[in-house]
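Attaching a single structure in structure tokens format; questions to follow.
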Amino acid sequence: MSMKNQGVVVQKIQRVDPQVIKGLAECGVATVHEAQGRIGLLASYMRPIYSGASIAASAITISAPPGDNWMIHVAVEQVETGDILVLAPFSPSDAGYFGDLLATSVRARGGVGLVIDAGVRDIRTLTEMQFPVWSKAVCAQGTVKETLGSVNIPIVCAGELVNPGDVIVADDDGVCVVRREDAAEVLKKAQARVANEESKRLRLAAGELGLDIYDMRGKLAAKGLKYV
Amino acid sequence: MSMKNQGVVVQKIQRVDPQVIKGLAECGVATVHEAQGRIGLLASYMRPIYSGASIAASAITISAPPGDNWMIHVAVEQVETGDILVLAPFSPSDAGYFGDLLATSVRARGGVGLVIDAGVRDIRTLTEMQFPVWSKAVCAQGTVKETLGSVNIPIVCAGELVNPGDVIVADDDGVCVVRREDAAEVLKKAQARVANEESKRLRLAAGELGLDIYDMRGKLAAKGLKYV
Amino acid sequence: MSMKNQGVVVQKIQRVDPQVIKGLAECGVATVHEAQGRIGLLASYMRPIYSGASIAASAITISAPPGDNWMIHVAVEQVETGDILVLAPFSPSDAGYFGDLLATSVRARGGVGLVIDAGVRDIRTLTEMQFPVWSKAVCAQGTVKETLGSVNIPIVCAGELVNPGDVIVADDDGVCVVRREDAAEVLKKAQARVANEESKRLRLAAGELGLDIYDMRGKLAAKGLKYV
Amino acid sequence: MSMKNQGVVVQKIQRVDPQVIKGLAECGVATVHEAQGRIGLLASYMRPIYSGASIAASAITISAPPGDNWMIHVAVEQVETGDILVLAPFSPSDAGYFGDLLATSVRARGGVGLVIDAGVRDIRTLTEMQFPVWSKAVCAQGTVKETLGSVNIPIVCAGELVNPGDVIVADDDGVCVVRREDAAEVLKKAQARVANEESKRLRLAAGELGLDIYDMRGKLAAKGLKYV
Amino acid sequence: MSMKNQGVVVQKIQRVDPQVIKGLAECGVATVHEAQGRIGLLASYMRPIYSGASIAASAITISAPPGDNWMIHVAVEQVETGDILVLAPFSPSDAGYFGDLLATSVRARGGVGLVIDAGVRDIRTLTEMQFPVWSKAVCAQGTVKETLGSVNIPIVCAGELVNPGDVIVADDDGVCVVRREDAAEVLKKAQARVANEESKRLRLAAGELGLDIYDMRGKLAAKGLKYV
Amino acid sequence: MSMKNQGVVVQKIQRVDPQVIKGLAECGVATVHEAQGRIGLLASYMRPIYSGASIAASAITISAPPGDNWMIHVAVEQVETGDILVLAPFSPSDAGYFGDLLATSVRARGGVGLVIDAGVRDIRTLTEMQFPVWSKAVCAQGTVKETLGSVNIPIVCAGELVNPGDVIVADDDGVCVVRREDAAEVLKKAQARVANEESKRLRLAAGELGLDIYDMRGKLAAKGLKYV
């Protein structure tokens, strides 16, 4: 984001303990987002290319020119097992930066997916491969390989800051970023929420009302709610 | 909509005969919309969270502050078998007002779905539950419980007026509202359309042209259509 | 597009050799788009109503008034085996011009799909029929039959010029148009790309990097890329 | 909105006392919207065609087909001094329903402006005439005169219900509707706000802080705000 | 649009008689659009960067890569007195292709403006220069000079086909294209409309109703309009 | 952006030398954006509420809940001469966070404007005051004062990271952020560009072509450009 980090590849980044990442994946986006105080959610236009994928992974960040996917090739070399590519263009682009060949390459390195504030293509093959992508657009428009960007610098992707090594949690609800340094604490809070929700679910399924379970009637009356 | 009905819960509403509602569900949105003179269709940005759901139900309306889902808890208590929640925020919001816990609660009361001119989350679980939702957005963003709205007052949802007890018809084509007082008549017209369409379908499938079935050639020629 | 061709139906159009069309379908949108120099892609808001369809077909073009589907009936008579309807409204419209009855009629004539820069309805039945549609919107809003348009004149659909008889290639990545006179040459280039991609895929799957396969390291260094 | 009121012109409507309307105009949209409890604001995409107009007027409502301005001619006959036309299309349209000839006609009847959830044209002449319009779009696209709508029935315009005779307040901030029966009370509250704001403005201009004027420091501290 | 015309500059184009162009400018967009049968209007998102400009000019067309303004420099050499640049990117881009230096250059060659389905910058200086631009976006984002496009080939700009030498009419209502071969005839029809409108304006200003001037009452009654 | 900085007000921030800020204002957005390597531009939907304002100022950042403007009051206390407020909501909101009273207060503290990725109101008075605002929306919708945010922490506003004390440059072309530590160097480069542009402007105005001034003909020919 500063003038100093264009054309730079940071090779050594720190990642979160895989067990913590695995735990965050199990909690899912909505719970993790709540657990960390309702922050970190990428814009809701970021949608999965197919339903049902649910992952957490360490971010390899890519800052790329509009309509230019050269840096993805550079980034793939930095991918380790359990990583996910996170790409933000310098300026808005819907072009199709990524397709099945790059997915094949990412997977061969142990990578598990892509989050891209731009377009993706080869949807059918990516779906058959079950290689999950969350993107702003599906678009076959080709890209060039002309201009440098950077890999593993802080980026803003779909309205949220993502640092290399931050944890990306993504499922059908969208994409959430968890700071590397907060991940263990967020996981604890998220797991507590899951446990708490389970008992709530049973009571609600039995017909109890949220009004009673959460003891809302008094506060509603105090605010002036009138039943007629 | 008037100054008088904020912070109000109307407990007793009138509903349409369940047999009429069932009939409307069988006709589907496009047919019902045509049958009632091409009115009542909610904005086309209202999309189902999964494909294949097709319902009709009595509207429990909710007027809620932006990013505040408190009134849903209030509304759930008003739900009876065969009802659907219909929520419009005071001002635009994409926040995720509704998830699987609330769906569990609605279903426990006999409710059959949600129409919301805002966001919804827990898409995967809602899909597994086969709890249908038509929404403007999928968004994990959490909401607060701070400010009153109203339940079972007339609302404007996705551009259409919905009164409590109106029939909501919703399927993969979108969402249509039928006035409570018109429902029986609309059903008759819709069923007539269905019957009529079936015979048309057979003739079209056999290769007859709409130009001939609907006797359009003369009118087209009169308007000046030229074949070259 | 000129004042001369409103209210006109061109009955005799030239089509591309069916074997060429079949070949283009097998290559898919992304490959064909690349093969012809990254041109011809319709706007990315054109989305399929269901996943997995992948076709190529000869365009029967329709220029229609906003919210008026009369010309589709006229166009169906011009459909031959292997054709696809391509509709552009005079001015923007999301109305539902097309549903399952028209699909039945198109199929009875040998037509294989629809590309429409407007709305479509009866999504569920169209999906059951496996009749593919790429559209700007899903919308149940009905249309009228009042005003003439034209059939088989050049149109601009979703930002691209489409001539009658041009080849439409469409799949989950979107829609691409190939000029009738370029089709054979584009197919050759597309098939060469497919062959070339297959060997790349194997090397990438084996863990080789694009950086090495495409020999990018020197050029990146020359541009000033720094590893830190 | 019901099946009964298509093709209907209601000739006799009730209007608010002109002095009340004048008072609301002087308060402006933001103040009136606050005074009536933050309701009644039309969608923020409704923008004035030129800056500086600020009016209040009685609504003559028009429900019109998409791309068809026939009903405006019908509505003009219903205009009395101090009225404003408010048009909502049955389904979305950006077409240019209204231009300088219609404005000339409306003005000749004593009408003062237009609110339209669609397009308007002849912007330059309308600006020279200082005939104010709030619209969703500026668009030269012509409309037809083929299909009936209604005049002076309740409509939903840009997301808000507008009844004939309701007061429309509009300025550079947008458009707000005040129910006819609430207008006098809303005016009183709005005038109280204006008076109150004036003293606040003086204190703020003198450098006092809102934190102190509104006594916020304690509540902020109680919520946990930390100064570092 | 075909594979053959990328990287091509057509140096010799035919233009319309300057007197015809001058006449079209005086009629304005809305009238010209009506006069040629309601065709040729570019998308309504094309807005002038300042109010009050009203021109007609011969199109110098530019097909350019996204985010690459190299071809504008090539096009400027082709500009003659009374020409306007019309640029369409290969794929969507909001980048700022054009600023005050290029405007200085265009004006020095006799050019009178720019229509661009992308972004423009240096708004303040362009306004001071009174150099009119109609664009999709205002955006300071810089562009590169890397890839060829073409000059003076047919392009699709904002949804409409524009051929080199076609007449562009543009004012506060938007942008309309008139085919070179239709221009003289369209002018005649447009001037007839202007004459006709003037008498209508006087009668409307005097309080006569469109209902009577256009003799609509019978047709409305025949369609079933009811006054209540 | 981390869990640690919600509900925090950072009171002491570092600012750039006022002479540097003044210099950046004189260069303007497009030049500054180019000078720092085409980075730092906020999304192009950020538009000024009136034309002609052109400023540079030190950012006081505000991270605020959707539809809640409480933190603006907190931020005003932190404003010093030459500062500008920069507000980003936690999640998208078009509500009208800011009006003429707050502008009065900001100005009384020496503040010079507002950049807000949300809505603003009282446009007419703000324009009369010549208090410049760049916003995503104009919207009268009121906000609440219920939930804490933070002041002077790093925020993401309209897609760009803004740190407290960074320089905001804003004019009719949009908004650009310059890192505090880069400001002096960016100014130097920007001033060099201005000087260089002036001589170019004179040559272009005299009719010289960019093709010759920038020596492009050879490179274009090498890429294969053909004149026909």
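In this document, chain identifiers A, B, C, D, E and F correspond to the written order of the chains, with residue numbering beginning at 1 in each.
Throughout what follows, a residue touches a chain if its C-beta (ideal position, glycine included) is under 8 Å from a C-beta of that chain, and two chains touch if they have at least 3 such contacts.
Nothing here was measured: the structure is a model prediction, and the numbers come from that model.
Q: Within the chain touch network, how many edges lie on the shortest path between chain B and chain F?
A: 1
Q: Pick out the pair in C-D, D-F or C-E whose interface repeats that of B-F, meaning over half of the contact pairs match by residue number.
A: Same contacts by residue number as B-F, out of C-D, D-F or C-E: C-D.
Q: Report, in whole Å, the distance between the mean C-alpha point of chain A and the mean C-alpha point of chain B.
A: Those two chain centres are 31 Å apart.
Q: Centre to centre, by mean C-alpha position, how many angstrom separate chain B and chain E?
A: 41
Q: Name the residues of chain F that each touch 2 or more other chains.
A: Within chain F, residues 38, 41, 44, 91-92, 94, 139, 141, 147 contact more than one other chain.
Q: Please list each pair of chains that are touching.
A: The list of touching pairs comes to A-B, A-C, A-E, A-F, B-C, B-D, B-F, C-D, C-E, D-E, D-F, E-F.
Q: Spell out the part of chain E that touches chain A in their complex, as residue ranges.
A: Answer in residue numbers: 65-67, 91-95, 139, 141, 144, 146-147.
Q: Considering only the defined contacts, which chain D positions touch chain F in the complex?
A: Touch residues, chain D against chain F: 28-30, 33-34, 38, 41, 44, 47, 51-52, 54, 171-174, 176, 197, 200-201, 204-207, 209-211, 214, 216, 220, 223-228.
Q: Provide the residue numbers of chain E that touch chain F in the complex, in ascending order.
A: Listed in rising order, the residues are 7-11, 50, 70, 73-74, 76-77, 94, 96, 99-102, 104-105, 107-109, 119, 121-124, 127, 137-142, 145, 147-148.
Q: Which part of chain D faces chain B closely enough to touch in the complex?
A: Touch residues, chain D against chain B: 1-3, 6, 36-41, 43-44, 90-92, 154, 156, 159-161, 179, 181-182, 185-186.
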